[in-house]
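In the two assemblies presented below, chain A is common to both, partnered first by chain B and then by chain C.
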Partner chain A sequence: MSEIKKIKNLKEFSTSADRFEGANLLCPGCAHSIIVREVLNATNDDLVLSASTGCLEVCTAVYPYTSWDASWIHIGFENGSTAVAGAEAMYKALGNKGRLKQPDRNPKFVSFAGDGASYDIGFQWISGCFERGHNMMHVVLDNEVYANTGGQRSSSTPIGSSATTSPAGRVSYGEKKNKKDMMAIMAAHGSPYVAQVSPNKWKNMVKAIQHGMAVEGPVFINAVSACTTEWKFAPEDTMALQDLATDSLVFPLYEIIDGTELNITYRPKNVVPVEEYLAAQGRFKHLFKDEYKYLIKEWQERVDAKWDYLQRREEAKV
Partner chain B sequence: MAFDKMELRETEVWDGNFAAAQALRQAQVDVVAAYPITPSTPIVEGYAKFLADGYVEGEFVMVESEHAAMSGCIGAAAAGGRVATATSSQGFALMVETLYQASGMRLPIVLNVVNRALAAPLNVNGDHSDMYLGRDSGWIQLDAYSPQEAYDLNFIAFKVSEDHDVRLPAMVHQDGFMTSHTAQGVKTIDDDTAYGFIGDFKPMNDMLDFDHPVTHGVQTEEDWHFEHKARQHNDLMTKVMPKIQTAFDDFEKLTGRKYNIVESYDMDDADVTVVCMGTSVETAREVAKEMRAKGIKAGVVGIRVFRPFPFEEIKAAFKNVKAIAVLDRSAPGGTPGAMFNEIAGALYNTDERALLSGYIYGLGGRDLTKAHLVDLYTELQANVDAGKVTTPLQQFIGVRGPKLAFL
Partner chain C sequence: MQNNGWDEFEIGAMLRSFDGEVKDIATTLQEDRNYSSSNSFTASVADWRIEKPVFNKDFCIDCQFCWIYCPDISIISRDKKMIGIDMDHCKGCGICVEVCPTNPKSLLMFPEQADEEAELAGWPEKDKEEK
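Moving on, here comes the complex of A and B:
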């Protein structure tokens, strides 16, 4: 068994051995790199990583450069999870045959993918990996939009967001559909651990990642990733946006163990109105017109209802 | 942690699928990621059963689509071990994106393709549409005409594909049902000898070597993409054929069974010849023999290595021939046919250009009969006698309705 890495404080955490280089092409203020570093720094174990096509992939492995000081693979948009699953199958096969070069290691198999590559185009591949029970972790960098192709809606895009394929316009308030509940879907796969995390709550996040890496089987992590380009806020405000996301409960932080035990892992001391979260982002700007203000009210009601639901599940231990 | 060897008789009665499955067992494939599709399914079922019975050690990953099958194979191959799978037709079509990714990432993978028509209309029988769909994918493509060859060519495929000078994935093709489900006598190789021919898998840039992290599947744009693709093509054009030839030579020494990059039959003094692939080659050989009894000097050329395409060997094979019929078993989609075009291209700059005509046949498993081939050779002889192609350039064999001919 691998030891769980002990992390004392943020300074130590942020300066621990870094297998994801700061040299990359992600936008200034992109939360992806913060999330990736928090995942990688949560463990000292060896890593076999994948990235599905998307911002993270195109910005970190442009030949002849790489930002990855760990085994890493990218195949396509939809199949990053299966790439890692294939590697994990080979690890098992070579382990059984006594052919591993470093048999004493305890590698962790982690796939990173955006919400488009997870909720939409890669959904079947992830579902297959989870049903088969590969010992791996799939981390969604959830910025609620196809950012790499320029801001098209995905099934993670929330109601009222203006995306390039569901733009707000003279007679439209933008996206009409509610965000897909991937946490529930992945928990229903029988995953031993699913968790929603946010890099601003780094202790919470590290705990979730370490829990996920310690259990056997496929683990699903939905990481909220504020996108300065598509959410339309200033790059220096990324952490403020992440705070608004978690403290407004638009992104409640919770975990589901073995598909049945739901725990809320972060309770904001002061819950921020959803309106403040929306107001901080250009993608929701049009909602503040008089004719669409009812949508802000509905947003708040949805968030309240979800929070209420999560609390009831936690209390009932289901 | 161990597996049992299997005692094989010198000659077993196997169909093409089981022959391929036995080869995967003897190669001791580490990971098979697969999805079922007719008519290739028994190959991976065979591996799964060998695994269940303790005759092979490895991981069988039954995935949720052919796209995922090749994706899993790519991940497994990049991790560093022996990888194989099988598919046909629609499954192959679904894999296409990943086929390019596998070859572009220079990963050794052996894919058994049991050839089958492509929908629509849906059809489960053999033609070469799927084989042709893979022709620009950067894979090595070997074609078996019988269960024996499906067995033997798998060993060749592993040996060439895993060679560190090659590092390209390889397909072994066989005809759906005609080969895959037709049991014939197959001369076997014992387990140790078969494994010894391929040897242990030698990893390179393996993701499971944690002391040497590698980045696989990078982005290249206009600054590097062309060089990567050109280098891959260069290796296909210059390195692969000599390796295949060496593997064929070594295999002959081991088993006495001789394979050639282009399989010429009675070509030394042939005036007229048919060139084709798959089970049709054997039919054509029989008919050619009969035509010789009638005074027509007939020969047959079978393409054994479809990719890289054997330009030099084609030129040599057709050096003294007067008329050639190229048989394409794939819907041509508005052109004379892929193999016709390639052979025409190979011969265009030669001094003695034979009369060339093309035939589309056998789509969706339609039989190519001996009678068809008798007519064809007779037509070729008429071309020779007239000193020109007397028929339209492209004709259809064995299709009902008004005669179809073009160009």
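Moving on, here comes the complex of A and C:
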């Protein structure tokens, strides 16, 4: 077992040598690369990475360039998780046969995927990886839309959001289905560690990643990623949007250990009304028309009910 | 690179991030790495910028907020000190300016053509009302 990298504060963290490079083609102000940097810098161990098709993949591996300083593979939309799972299985098999060239190294297996590649298209593959119990981590960069192909809805898109395949207009207020609760689904697989994180709470996030890398078994991380292009806000406001997302409890930060023990990892000092979170984004602009204002109230009720549920589960320890 | 027909695409490609033997990249700083020409570190997105950040080290408290929240690995921090901005990879998003906590800010956005020396000389005074 390798040592967990000690990160006491941000100054200490800033001595890390990044293994993700600039001049990738992600939009200015994209939260994806902030998340990737925090994940990769959380460890000094060797990494075996994959990315499913999505913004992160198309922007970091544009032939003839790569932005990754670690082993990285991309195959298809759905099978980023299984590619890493296969590498992990091979590593284990070679270890059992004593054929590893550097048996003292302890590589970490991480697959990155967007919400489309995790919630919809790659779901069966991820489910398979978790059922087989590979020692890997799956990180979802959850921007609630297929941002790479022009903003189609995914099953992560929340109610009222205007996406290109669920546009808001005269007859519709946009997306009508609620977001899929992936955290509960992955916890129900019996995963040893499932966590929702946000890059603005970097300490919380690094702690979750290090915990996830230390445990044996498949780990699911859902990282909130504000999308400047599809959520429609100015690029410099990315971190303000992340703050609004976590402080309005639209994205409560919590972890589920061994499928049962739920802990809330971040409690905002001042809870921001959901209205502020919605008002900051162009995709919810139409909700502020008189005929759709009832949806904002429903949003708030839904968020409060979810927070209440999380708190009760944490207290009951089930 | 020659242009291929629709049925002549490469099946796959393998790119090397570094030239020569690589020992332990996680503990090697960028200036000590032997980047290959296929690493995007050797490319530049400087032409994406409309505005550029200018760093005034007189007001910097080395909190490293800009380092952690920079999406483009363009804040150069060495030995826990912020020493500058990597202008080849900065896309000018302005996150570093938004998260800078000092008063006045030690990072500000200026038009790409602005003269850095002149802007540094005319840096805003401390804002007293805001405290």
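The rule is simple: the second predicted complex is superposed on the first by the 314 of 318 C-alpha atoms of A that agree within 3 Å, B and C clash if a C-alpha of one lies under 4 Å from a C-alpha of the other, contacts with A are read in each partner's own complex, and residues count from 1 in each chain.
Operating definition for what follows: a contact is a pair of C-beta atoms (placed from the backbone, for glycine too) under 8 Å apart; a residue touches a chain by one contact, two chains touch by 3 or more.
All figures in this text were calculated on a predicted structure; none of them were measured in a lab.
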With both complexes superposed on chain A, which partner does A:L141 reach: first (chain B), second (chain C), both or neither? neither
Quick one: classify A:R132 as touching chain B (first), chain C (second), both or neither. first
Would you sort A:A163 into first (chain B), second (chain C), both or neither based on which partner it touches? neither
Contacts for A:A223 in the overlay, against chain B (first) and chain C (second): which applies, first, second, both or neither? neither
On the A-aligned overlay, A:W68 touches which partner chain: chain B = first, chain C = second, or both, or neither? both
Of the two partner chains, chain B (first) and chain C (second), which one does A:V58 touch, if any: first, second, both, or neither? first
Taking the superposition on A as described, I'd like to know which of chain B and chain C A:N79 touches: first, second, both or neither. first
Just to be sure I read the superposition right, which of the two partners does A:M213 touch: chain B = first, chain C = second, or both, or neither? neither
Touching A:L94 in the superposition: chain B (first), chain C (second), both, neither? first
Per the definitions at the top, what is the overlap between the chain A residues touching chain B and those touching chain C? 19, 46, 61-64, 66, 68-70
Using the touch rule from the top, collect the residues of chain C that touch chain A in their complex. 1, 13, 15, 17-18, 25-30, 33, 38-45, 48, 62-65, 67-74, 77-80, 86, 88-95, 97-99, 109
The chain A residues in contact with chain B across the complex are 19, 46, 48, 50, 57-58, 61-64, 66, 68-76, 78-79, 82-94, 96-102, 105, 107, 124-125, 127-128, 131-132
Sites on chain A touched by chain C in the complex: 10-15, 17-26, 28-34, 37-38, 43-46, 60-70, 199-200, 202, 234-240
Residue numbers on chain B that touch chain A, as the complex places them: 1, 30-31, 33, 57-59, 61-65, 67-68, 71-81, 83, 97-98, 101, 105, 203, 206-211, 213-221, 224, 228
